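Below is one structure, written out as structure tokens, with a few remarks after it.
Naming follows writing order (A, B, C, D and E), and every chain is counted from residue 1.
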Amino acid sequence: MYDNDSYEELELKSAEQIPQLPPPGKFMWIDIDGNHDAELMEQLGQKFDLHPLLLADAMSSEQRTKLDVMDDALFLVMKMIYSNNDKEEAIIEQVSFYLKKNILLTFQEKEEDVFEPIRNRIRQGKGRVRKSSVDYLFYALIDAIVDNYIVVLELIGEKTEWLEGDLMKNQRIETLESVYDLKRELLFLRKSILPLKEMVVKLQKEETGLISDTTKLYLKDLFDHVVQVSESIETFREMNDGLMDMYMMLSSNAMNQVVKTLTIISTIFIPLTFIVGVYGMNFEFMPELKWKLGYCLVWALMLLLTSGMLYYFKKKKWF
Amino acid sequence: MYDNDSYEELELKSAEQIPQLPPPGKFMWIDIDGNHDAELMEQLGQKFDLHPLLLADAMSSEQRTKLDVMDDALFLVMKMIYSNNDKEEAIIEQVSFYLKKNILLTFQEKEEDVFEPIRNRIRQGKGRVRKSSVDYLFYALIDAIVDNYIVVLELIGEKTEWLEGDLMKNQRIETLESVYDLKRELLFLRKSILPLKEMVVKLQKEETGLISDTTKLYLKDLFDHVVQVSESIETFREMNDGLMDMYMMLSSNAMNQVVKTLTIISTIFIPLTFIVGVYGMNFEFMPELKWKLGYCLVWALMLLLTSGMLYYFKKKKWF
Amino acid sequence: MYDNDSYEELELKSAEQIPQLPPPGKFMWIDIDGNHDAELMEQLGQKFDLHPLLLADAMSSEQRTKLDVMDDALFLVMKMIYSNNDKEEAIIEQVSFYLKKNILLTFQEKEEDVFEPIRNRIRQGKGRVRKSSVDYLFYALIDAIVDNYIVVLELIGEKTEWLEGDLMKNQRIETLESVYDLKRELLFLRKSILPLKEMVVKLQKEETGLISDTTKLYLKDLFDHVVQVSESIETFREMNDGLMDMYMMLSSNAMNQVVKTLTIISTIFIPLTFIVGVYGMNFEFMPELKWKLGYCLVWALMLLLTSGMLYYFKKKKWF
Amino acid sequence: MYDNDSYEELELKSAEQIPQLPPPGKFMWIDIDGNHDAELMEQLGQKFDLHPLLLADAMSSEQRTKLDVMDDALFLVMKMIYSNNDKEEAIIEQVSFYLKKNILLTFQEKEEDVFEPIRNRIRQGKGRVRKSSVDYLFYALIDAIVDNYIVVLELIGEKTEWLEGDLMKNQRIETLESVYDLKRELLFLRKSILPLKEMVVKLQKEETGLISDTTKLYLKDLFDHVVQVSESIETFREMNDGLMDMYMMLSSNAMNQVVKTLTIISTIFIPLTFIVGVYGMNFEFMPELKWKLGYCLVWALMLLLTSGMLYYFKKKKWF
Amino acid sequence: MYDNDSYEELELKSAEQIPQLPPPGKFMWIDIDGNHDAELMEQLGQKFDLHPLLLADAMSSEQRTKLDVMDDALFLVMKMIYSNNDKEEAIIEQVSFYLKKNILLTFQEKEEDVFEPIRNRIRQGKGRVRKSSVDYLFYALIDAIVDNYIVVLELIGEKTEWLEGDLMKNQRIETLESVYDLKRELLFLRKSILPLKEMVVKLQKEETGLISDTTKLYLKDLFDHVVQVSESIETFREMNDGLMDMYMMLSSNAMNQVVKTLTIISTIFIPLTFIVGVYGMNFEFMPELKWKLGYCLVWALMLLLTSGMLYYFKKKKWF
């Protein structure tokens, strides 16, 4: 609950404590952390007159990104992706926004989120948030989520670059698995983020009066960010495919090297082994064995053969 | 046949027993199990004034998913996919809906279906079905089918994950066949489900008055589900392609390992075998054979050679 | 020439014998078998007032599928594909339709066609053909052609399934050629059939009054068939691509098996051959040769080595 | 310069000799061969009031295919592709058309072109060219160029078929280069021809009055040709991709054959070589060497082993 | 600052020195080199009334290509790509244009740019720049950037051709890396240039009156250039993919050659080595060893075997 001059922050345990309407001239942001708590959701549904289907969407954690425009309210579901400070892995959480006149409800799965900077701006009265209506807050929260997408994509960009370098050096099976995991991650991201583009367009065109023209200017900026994010995803997807092709080519190249080595060694030594085998035979009548220079001649023959082979391989550019 | 207060369930053997119109204020759902019974279909066609082409579609089991909007009726054909409790495999059945004022006809191929929960809700008067008109029942039945699509897709998701794990461990030919079978299954699912998306849009926009505005709100929810289903199919298709690429890469990787082993062993031992072959020759004049240290020197030479080879392989990171 | 009550069938040799207009209340279907006969075409062109460009299209056999809507006539070119009863191969023929008020002209390349069932229906006065105007006949003929597409596609489906099974068993080069031929066949089919979709839509929307509303209902059914055909083609194309990928994977798998066999045998026997080579050397001073147990010790060493190798291969899951 | 009754052909050296307007009732076609002659172009530009940007386009030879519709003129740039009678290779030339009332200017790079048949039709007064206005000439010239595209595509079709046959027989590197060159040629053709489709549509819809309704009928025919050309290009592109896939598959198949041969020979003879090596050892105490049947037993053992191997390979269908 | 008769060029250090409005009848072009200088940007923002979001875009160097149409101004961000005279590599810089009535602001990252020829044209009063309003300058600057895209693409074309030739000669891993780098470069170019197409269309349709109809004619020409650039990018992308396919095919071809060599040598000499091994055995009873012709017969046998092998390989076209 805040207006230009003051703000009030309450941590509430039950839905009954929430006033149905903010005092006039004030705006109310109710941030619900446990969207799986059926009872709490039920109470909120009754208090703020939410349609049962809409409540069900807010309670789910598998709902796809979507925007419902009603007569006097907007309902938006999207994925919040952020990486925990401590741990490496990305956390994916569903966030639902319900925007009514002067009231904004947000439903999250866990207490952790990416809204802390905005909360601080409200607390300290900095930036435009306190000065503006609740629709700007709505924009600011979505923008915070989209900014975190960009952070996640930068991490993917770094990972892609690292994988490229790794691939060039050696073709380990672990690198391969990372490439495949990246592919899956990008597929998931695309699925979550692609619908956002048309949603922001819909938000810009909605005519409920819930979003002021000033905020719509900011939505244009948000749209640019979303387009940038989805273009980056497509680019990373193409680069991921490129990595796969690259792996195949490098792998085929490495194979060629290995097989060439095998062939050179085999092609030189197998005939030589045959020659020495010939003079290892125990026939009683083998004139060469008695020659004085026999042994030297065999060595000469073998040197000649080897030189010939090496010249042939050189000409074929095998090494 | 049901209204808000009462319901009646009859199992009929012949079409003649069916009343042409439900009593006023009541709704009638006629569920025909054997759509291949030509005579029965003929009788129904006459009683409910069905166009011959439409009857032919309902009797077929190869008809593609489609929606016909007529002046006073809606005709919808779709595939019902469900997995039998006992058996593992998915059962595919064609279901046709014919919706007229207060009457809903459904044509199935077999007695088994996914409508049992809805029948129970009618019998027990639970939920919105009994309270609403026959168009809500129409929606509820389609929704039940779409929900079963999601179940089928979850099974495919599990299968994909299992195949991924299996591929990483070994590249068996059976895994390969499963991947290919999955590809075919996804092709079939896409063909059946993709047209549903535009059909639901058409249903939302139809202007026959057969579908009330309240039900249209539910159709919006249904649309979300259908979109989710088709997005999942696309994602699974991409992951299936990814599995194929993965197979090629892992297979090429395994090949590289095998060929490297061959090359290392051959490259080390073939020259050694040549050397021992040399001193196996039976020339009368071979000075080395008479040397006292000859044998030791050969071993020394061979050890030197082997070390050189191993160092070379190490530098090339072959093991 | 036919109406509801009577019909008349004439085999004409020259264009002059054809009346320019059918008797009132009657419809005339003129089926020309030799569209390459320039003189005949010229005469028909003059009699029925055909534009020279249109005549040229009808006489060609390379014209792509297309529909021209004129003020008082419709001109449609399409491919008729059917398999001869005796021979295995599909026959492709160009058919042109020229529909004017009460008159339908069809131009074929050969006498053989897929219209015999419809001719019989006219002769026997069965079905709707005799009862309806010439536009229904126009629809019925196109429908007969499209039905034959479905037959051709079913054959392709069977072929695809057979190729799948064949590929799984062995990767013969003949199978490969069949897969490639199928790809070409599907490319050709798609090129011929794809334009039909928009043509049928155009037919449904045309406003010349040549096609009655009743027939337009049937065109809707025809449209469903055409969509089904083009969807099947796309599915078969994807399955054909899948077969190619499958071939590569199976081929790579088979290669892996072969190379593994080679590697196992080589890796076991090459070192053994080296060892026996060592003791085949003729050095005068080789202490081992004089040991009593020397021979047994060598065998023991070789058995140990072999077991080690086998254990290593087992651990690597090479067999 | 021509009308229905007479025609006049002049070969002019300088732009000044060209009359600014043809005599009333006559049409003028000015065919400029050297579009790189800046001075000449300048003079023509002034005489016929051409916009500088337009003149620059006509003088370039890298301009992409495009159509500019002005108030009283049409400007069209396209590529003319034809194969010289003497030489094998295709010649690509840029042609620009500038159509004003009663005047048609064409700018070519060289004297050679595909317009000779049309010039002859004008000279001899045959066909519709002399009877029609200059817009028909405009159509006829474009049609002549498009007809030459079809000729070029037929050559590509023959080349593709030849490459197919060649690939099936052997996988030479030269075939590979031809496939790649074909790919580049098709890319270039697509780039030149694809924009033509929408250009012809634009020509059909233009409202300057420069193109009569009669000629527009012919443009419809031209459109069919252009669509046919671009469909053929797409088909050839797919077939070219198919050839590449085919090459990989055949190459992998050939490799399999080679490696199988190697494996069979190695797997049979390497163990045999080991066995004979064993009895080549010089140990003093080797009981087998003294056996009378020793030599025969070794042969028996080796035959047994070989039979076993052959049976194994037979079972694995390796030959 | 310039008009038809005079021009004035000033190098300013601080924003305060800039007049807010040019003298009547004059146009002002302010070219800011350091868009990262926050203070300067702030001052300019206040002086020329720039929206904070817009200023942020101009200061960034990661902003995607975009066009904002405001009531009385146009804001365009695009990438300028040019290659330094001295160095080889391409330099990428973000340029933002802010066009108001009679004023054009451009924001660059560095002092270097591609605008020098236009500055010279202003200084010398050549060309249309001085004669036209500031909107023509706006066009001319964008055109200069797009012309540089074409230069960059020509370099890529040369690189592609060089890589083709290089690939045909040998399949080095460095070539592979260049192909992959080219792929990334093309991905980046496409991302930067693709949005330009719709931007120029938007510019042509904008209705602020900032761009005169004369300049719009030039924008049409610019549009042709942009289309040409994006078509070239697509073509290069396809050729790059073709290079990758080519690499795989050539690599597979080279592998086949290597393995064939190995197989021929092994298949000939391994059986021969076995034969000489047989007669190297030390059995006391080996009748052949005592034969006078034994040694010759073995040689004869080996020659026969070798000829047989060579004939077999010849028939299989292995060399």
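Keep this in mind: a residue touches a chain if its C-beta (ideal position, glycine included) is under 8 Å from a C-beta of that chain, and two chains touch if they have at least 3 such contacts.
Computed from a predicted model, the values in this text were never measured in an experiment.
J.: Touching chain A and chain D alike: which chains?
T.: Touching chain A and chain D alike, sorted by label: E.
J.: Through what angle, between 0 and 180°, must chain B be rotated so its C-alpha atoms fit those of chain E, rounded to a multiple of 5?
T.: That pair's rotation angle lands at 145 degrees.
J.: Taking each chain's centre as the mean position of its Cα atoms, how many Å separate chain A from chain C?
T.: 41
J.: Any idea how many Å lie between the Cα centroids of chain A and chain B?
T.: 25
J.: Quick check: what residues of chain D touch more than one other chain, meaning two or more?
T.: Within chain D, the residues that touch at least two other chains are 248, 252, 255, 259, 262, 266, 270, 273, 277, 280-282, 286.
J.: Where on chain D does chain E make contact in their complex?
T.: By the definition above, chain D touches chain E via 51, 53, 63-64, 66, 68, 170-171, 173, 176-177, 180, 183-184, 187, 191, 244, 247-248, 251-252, 254-255, 257-259, 261-262, 265-266, 269-270, 272-273, 276-277, 279-282, 286, 288-295, 298.
J.: Give the list of chain A residues in touch with chain E in this complex.
T.: Interface residues on the chain A side: 168, 217-218, 220-221, 224, 227-228, 231, 235, 238-239, 242, 245-246, 248-250, 252-253, 255-256, 259-260, 262-263, 266-267, 270-271, 273-274, 277-278, 280-286, 316-318.
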